[in-house]
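Here chain A shows up in two complexes: once beside chain B, once beside chain C.
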Partner chain A sequence: MTHPSGGEVLAKPAPSGLDRILDHRVLLSIVVLAILPWLLPSKALAVNVLIYGVVVMGYNLLFGYTGLLSFGQAAFFGAGAYFTGIAIGRYGVPWFVAVALAVLLSTCLAAVIGIISTRTRGIYFSMVTLALAQLVYYVALQAASFTGGENGLRGFTVDRISLLGLQVNFLDPVNKYYVLMAFAALAMWFQSRILNSPFGAVIEAIRENEQRARACGYDVERSKLVVFMLSGAISSLGGCMLALHLSIVPLDILHYQTSGMIVMMVLLGGARSFFGPFVGAASFLILEDVISLWTPHWQIFVGAIFVLFVLFLPKGIWGTLLDAIGIGKARR
Partner chain B sequence: MTGELLRAEGIGKRFGGFVALEAITVSFAAGQLTSIIGPNGAGKSTFFNILSGALTPTSGKLHFRGCELNGLPQHRFVHRGISRSYQITNIFPDLSVHENVRVAAQALTVSYDIWHNRTRLSELNARADAALDAVGLLGRRGELAKFLAHGQQRALEIAIALVSEPELLLLDEPTAGMGPEETKDMVALLERLADKRTVLLVEHKMKMVLGLSKRVVVLHHGRLLADGSPDEIRSNPEVRRVYLGQSEGYG
Partner chain C sequence: MDLSLIIMQLLSGIALGAVLVITALGLTIVFGMLGVVNFAHGALFMIGAYAGLYLASLTGSFWWGLLLAPILIGAFGMLIEFVLIRRLYGRSIDDPLLLTFGLSYVLVEGVRIVFGSDGIPFPTPPQLIGVLDLGIGFFPRYRLFVIALVAVVLLALWLALEKTRIGLIVRAGARDPTIMQVLGVDIGRVWLAIFGLGVGLAALGGVLAGPMRSVNPEMGSLVLAEAFVVTVIGGLGSIVGAVVAGLMVGISISMVALFAPEMATIVMFALMAVVLLIRPQGLFGVRGRTA
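The block that comes next holds the complex of A and B.
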């Protein structure tokens, strides 16, 4: 431990060229998503990658960046979809207002679940989130007059949208993809904003050492609640996108199997990596598409691949790739 | 800088049937380096944890600058001006040295800000660098904290505690696990810190404690055994009987 002499060179991190490129991670991600429909076998698959990518990105904020393993993210994905569908179908609210309302209401739901769950830690947190999300599932199942019950929510279709005075045919797959991509871009910008901000540093500090974060003066429980709400808000936007895309909200979207799928997607792509959620969503959905062509028991194979990933590629596809080409952790 | 800064009144702590602390009443003056000593199991760490808000006392009251602290959560203690380090190194291992301190610097001001870029908050970055400079780690600011040597990690932890500019700095065995050279550097650092602020130290190394401290508080079996200047503690027969004979460095 010596005092630095006046002539000592400060070891300020010098970002490599690749690191500098990733300073523009939102722009790069948008470029990749913009050409995605032309890279994948179908536009429908590309739309699903967008939707699940946004949902998983929201979850990554909670699990990857903050270290909170929730098994209840489906609640917010489903809430976003149901609130959008109900607002449009039942109350005739314009689609963009419905999306804004749905995100707002889902964030309120996240606040309620978060207030209860963020008081617990470790496995208890995981179990509480699972239980509360299942509660949301059963509420949706029982409130059939609002939600359609086990048949799912139907009776709303957005076939034409007005954008800056232009009438856009929303039934056209390409138009639909790029309109939904605008939502994904907004979510990516927002998440990047959070990660680059002082609050992003709080999130990292809590993940790294909760006790030290508290001793630094942070209200750890309140910070976790804020992350939980932000994570729920982003994932709910994915739900809104799904409702607009399908014009139906299946009840299964709220089931714990969906939460499990979200966990698998984030681990396949790479938790704590910015673009990993989209890679994870694409990998999972492609695996599902390909394997289900020759066996109805595709989950067995996806499960086996998932186990191999956890054992041998814990940083997921994107995280491992970034490691291999030497890109700094802070810029992922 | 004189006068009472922190006062503990009848502080007691029970863990089930075990009495860890019993009616400790002691006050700490501003601008002094005071040490808390005692044999293993004396209740030093429990008392220290209560003073930093990590534990809630079963009985008694804490007053800081005349305001009661009882009932405040730990993070509020930092906002009131009490900051601490831990006996076992407690840093953010996967963050850079600079980020470790900067994240502590922002805790009192911009913790929920999501609209600014954290690397562009020049005032916070400058404060973090100043704290790193104070402990001699400015030259390592870009490295991951986990790659620092043990002594440097201890110094980093002090920088983390220091950057909030606390009125009272609580240091729990800052030389724990250090070799002689690192201990020497740490003592020099403690002397520099004690010149500018109130420091409360828990330490086992008696020579160091008696050389550094203006005042020493001795705990034994959860009770206050003695309270006085290093010379008074050295000559206190009760202290000699229960504690000092056990320390190699005392004589």
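The block that comes next holds the complex of A and C.
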């Protein structure tokens, strides 16, 4: 792979059999997601893994690949859901137009938050993204006539969708799963393209050494802003999927606890790996499901497990697994 | 809208700001010394409020709660530093932040298990119930006490940092920990003490805020966002910045509450955004470290 300017971007190791299979990471991920509803105990859980997987995957672009620890990703997850719901319920927009519109508007929101927050570095960035996302939360709380305030947004049920002249009953959980999986596949293809592009190499360079990237002539500030917007766009698509799935948008989706949950998921699964976000979302949700069977206080266990991961397994489940079978960085 | 009302609202803002100052100060001192942002700061603020309430009901006096809760929770903070955070020095700066975030989950849920999820009223101490006639209006005695106590704590902290030998070590350690180690100072012990101090200040903020807000397990999440806003506006690591920004935010909130109540929760974030656009390192921050 060569950069347009002619320089070599990634040194390709000689491809082994395993490496050749992993060249098709999008296809492989889609196959796994396609059989997921039959591996998990319930279809509802599978849909949630799909939705949170997409949200966390978008976040991984920012945290895993660019090294920017944002605590405000919930703003875009929530924005996608709210914009979809408002467009369908209030303005009667067809659902697929609503999704496109919601992603577009959420990307604009990401641009605004990104312009302010990417001016800061390091720990400042985490604090500022958290504060700005809380601002979005309070705005949604106050603008109750649009968002439903504390009660959440209701009244935009999508029960039937037409696909190429084909009527699909969206209330059927299996149909719903595969329609939403199409979105997830689109998001994965998009993310894979970004990562394989020269821009993908630039953001990794920024993570590895910001000063050196700048010295090489890359516009670090602009790249950070662009990756912030791309990340917001992908996560907002997860929000659209949630809105279509639940037919309500709870206000809590915008709270910083949701941002924190996204951070937890990416770390549990493995930051900076392509499929890690889905593994992370699945582990978190299964953990929540299993523990809440015998105690309502599941958060204490999830929090403790997360602390242990930070201390002893910072690469997460998937990242550690990939390390163990010796898959190189460029192939994840 | 007459002038006396505005002055009374200003005083309310200062009382609100005083609690913010104490809380943000704990965050900023720990960052200035250890380079660690404690994401469990809000949860420890909340635990401070619960500890104050519990100790007050145990001893029958608010004053014991006010004195003992910050000390006990500060000691608990030292335990956290010693057992968990110490392992992460030398790793990515994100790691302590992630760890304390997970810890806040554990702490909040722990409080829910022990004290339940519902809010508990925190009675105002009998000596401070009621209002005081200031000539231009009546002002709650308790809020005046909060302003006075915070002023005393700030003065004591300033004296300790500027005039004592320990303060000298602390200030030098913030500048260059390696040189301090070369000079024979056990920097690990200094960091332990500073982390304890920071957590103790969060707990003090919690006890002081108790009678002004309701005490519930979720109270820490708003406080954390507030403390972040204050430290970002003031400049992370700057003590003067925390004091100025804390009062600024407190006064803005109560002033906006007077004229446009629905904007009160939003104003501090807007203030932060404006400051970041003009001075990304914060009002008293040093450029290069964070921005």
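As a convention for this text, the second predicted complex is superposed on the first by the 320 of 332 C-alpha atoms of A that agree within 3 Å, B and C clash if a C-alpha of one lies under 4 Å from a C-alpha of the other, contacts with A are read in each partner's own complex, and residues count from 1 in each chain.
Here is the rule we go by: contacts are C-beta pairs under 8 Å (C-beta built on N, C-alpha and C of every residue); 3 or more make two chains touch, one makes a residue touch a chain.
Fair warning: this is a prediction, and the values are worked out from it, not measured in the lab.
Touch criterion met: A:V202 reaches chain B, while chain C stays clear of it.
Looking at the shared chain after the overlay, A:A215 reaches chain B, while chain C stays out of its contact range. With both structures placed on the common chain, the touch criterion links A:H297 to chain C but leaves chain B unconnected. Of the two partner chains, chain C is the only one touched by A:Y256; chain B is not.
Using the contact criterion defined above for the overlaid structures, shared-chain residue A:I194 touches chain B, although it does not reach chain C. Legend: residue contacts after superposition of the two complexes on their common chain; A:D23 is shown touching neither chain B nor chain C.
Of the two partner chains placed by superposition, only chain B is touched by A:V226; chain C is not.
Contact with neither chain B nor chain C is seen for A:D172 once the two complexes are overlaid on the shared chain. Of the two partner chains placed around the shared chain by superposition, neither chain B nor chain C is touched by A:E150. Within the complex formed with chain A, the chain C residues making contact are 31, 37, 84, 87-88, 91, 93-95, 97-99, 101-106, 108-110, 112-113, 221, 224-225, 228-229, 231-232, 236, 262-263, 265-266, 269-270, 272-273, 276-277, 280, 289-291. By the touch criterion given at the top, residues 69, 71, 116-117, 119-124, 126-128, 130-132, 134-135, 138-139, 141-142, 255-257, 260, 263-264, 267, 297, 299-300, 302-304, 306-307, 310-311, 314 of chain A touch chain C in their complex.
By the touch rule above, chain A contacts chain B in their complex via residues 1-4, 8-14, 193-194, 196-202, 204-205, 208-209, 211-220, 223, 226, 329. Contact residues of chain B toward chain A in the complex are 52, 54, 73-75, 78-79, 83-84, 86, 90-96, 99, 102-104, 106-108, 110-119, 121, 124, 133, 135-143, 151-152, 155, 160-161, 164, 182, 185-186, 189.
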